[in-house]
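Shared between the two complexes below is chain A, which has chain B as its partner in the first and chain C in the second.
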Partner chain A sequence: MILHELARRMDLERLVDSQDATHEIETGYVGDLLSHVLASAKSNSLWITIQRHENVVAVAQVAGLGCIVFAEGMRPEAPVIERARNAGIALYVSPASAFELAGRLHKLLHTEAP
Partner chain B sequence: MRTFSADLHIHTCLSPCGSLRMSPRAIIQSAIDRGVDLLAVTDHNTAAMVEVVSHAAAAAGLDFLYGMELQTREEVHVLAYFDRATDCLSCAEAIYPLLPDVPNVPDAFGDQVVVSLDGTILRTEPKLLVNSLDLSFSETLACIRRFGGLPVPAHIDRAAYGVLAQLGMFPEDTACQLVESDADLPPTLREMTRMCSSDAHYPEDIGAARTHFRMESVSIVELERAARGEAGRFARCQCE
Partner chain C sequence: MQGSAYAREEALCIEFDVRAGDVEHGGMASSQIKAALKQFGLSEPVARRAGIIAFEGEMNLIVYSDSGGTIRVCVDSEYIEITVQDFGPGIEDVDLALTPGYSTAPAWATDLGFGAGMGLHNMEKNADRFEIHSRLDEGTTISCWVKRRTDDSS
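For the complex of A and B:
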């Protein structure tokens, strides 16, 4: 599903837009330990995390994750947003928990996809 | 007895997050300019720069401890200090295979270069250094001690990579005499002693936070004795 469509239907607040209007999300990944995300996340996942350290952007780049969603209102600081903008990583935030966000994503990708 | 103005948490240009300006000479010059007379370089999961910086420190008459900043499986950062280069290098050699085979991507994380005294690049470290060793927090402390080192949990008050944020509390079986924290220690950790350091990634940050250690000589045993306040010794934090 296209990221913009997903974000709208998951009710996410956008912090940094994707540079690709047709940015496609294939699956999701939930994780806060950056080393584990690096080792395990599949590319083109929507990454849901409460980790706000600046390294999230580098990890997303290397793991091929084009979009990070910060759960539980974990709003990243300005340098993280700036870095994501430069790296072309989309950022969203939501007050919902990672459990709730993963549930919404799973429903959209697996029960409503054509 | 002497009071040392110590900054024991400094990254060199080898740490991907460390500025390429963090050459041995630049580190020592900044330490001198800022009145730091005891320093340790603590790169992420590597000791490949400790010897060259120790030579620069010795030439300038500064005291030096050999160090690293290890990252545990739970993403807790633990500083490790050694009296002897050989112990530090042996520990580094032992942990290297426990670092995942994930290559560094300089555009994302930064460059990882080993340099000579004057800053000439000698080699590039291929594995990503800011990654977790396949060791738990308690295994990491034990590993450091096995090589004769002193483990000091790093920036325990920070939201990322500190033991309290990552594990929720200080595990009961992992007592440490000395911990690094920018803030006063919580009441539950009152038996521990706090030190603070700059965690410098740029030359101008060296000494921005430091600890005054009053002790007999420079050694990890003396650091611990200062932490315990033994016989007139002390460890006092100074943050700018």
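For the complex of A and C:
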């Protein structure tokens, strides 16, 4: 599903837009341990985390994850937003828990016909 | 962060200095390494594997090295070679360090999501060839080779 539509239907607040208006999300990954994310998250995932420091942008970049969603209102600070903008990584935030966000994502990707 | 590029025999190399404790710039070198490899024409899956190796090596330099270290990436006709080197403290038991889940990460690092004890394992898993040499008080050198062409170019 196109990221913009997913974000709208998941009720996410946008912090950094994707550079690609047709940015496709194929699946999702939830995790806060960075090496586990690198080991297990598939490319083109929507990554849901409560980590909000600079290193998450680098993790998303090397792992080919084009979008990070900060759960539980974990709003990153300006340098992180700046780094994501430069790296072309989309950022969103939501007050919902990772469990709740993953549930919404899963429902949209896997139970609704396109 | 600025990497320095140079030619070595038949290979093209780029080298980054990484400072101990500099978590604020963590991942800067590896992001640039992945971008450079893609610009060089390597595929996303291959650049991704090299990028993950570089990231895990970079973060270990930041978290564990006494005085920082270097990441050198060289590309020849067949392989990407990633070498991560520091000059201490060294690893007492390399087999134990390679075991998934083993970690001595300090609290400030685990607070940031490091310390799963998966970094060296990720490096080994993403490399076609992996070598680690470490001596207490002398330092650690890790070399990884990633084939430029993969059979499953997915």
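Going forward, the second predicted complex is superposed on the first by the 113 of 114 C-alpha atoms of A that agree within 3 Å, B and C clash if a C-alpha of one lies under 4 Å from a C-alpha of the other, contacts with A are read in each partner's own complex, and residues count from 1 in each chain.
Methods note: a contact is a pair of C-beta atoms (placed from the backbone, for glycine too) under 8 Å apart; a residue touches a chain by one contact, two chains touch by 3 or more.
Just so you know, these numbers come straight off a predicted model, no measurement behind them.
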When chain B and chain C are modelled together on chain A, clash or fit: clash
Which of chain B and chain C A:R9 touches, first, second, both or neither: neither
Touching partner for A:R85 - first (chain B), second (chain C), both, neither: neither
First (chain B), second (chain C), both or neither touched by A:H53: both
Comparison of chain B and chain C by chain A residues contacted: C
Touched partner set for A:G64, first chain B, second chain C, both or neither: second
Chain B versus chain C as contact partner of A:A39, first or second or both or neither: both
Clash with chain B (superposed arrangement) - responsible stretch of chain C out of 38-46, 56-64 or 146-154: 56-64
Overlap of the chain B and chain C footprints on chain A, listed as residue numbers: 33-36, 38-39, 51, 53, 55, 57-59, 61-62, 87
Touching residues (chain side chain B, partner chain A) in the complex: 71, 73-75, 100, 102, 105, 107-109, 128, 130-132, 159-161
Chain B contact footprint on chain A (complex, rising order): 33-36, 38-39, 51-53, 55, 57-59, 61-62, 87
Residue ranges of chain A touching chain C (in the complex, touch as defined): 32-36, 38-39, 43, 49, 51, 53-59, 61-64, 87
Residue ranges of chain C touching chain A (in the complex, touch as defined): 23-28, 30-31, 34-35, 44-45, 48, 51-52, 54-56, 59, 112-119, 121-122, 125
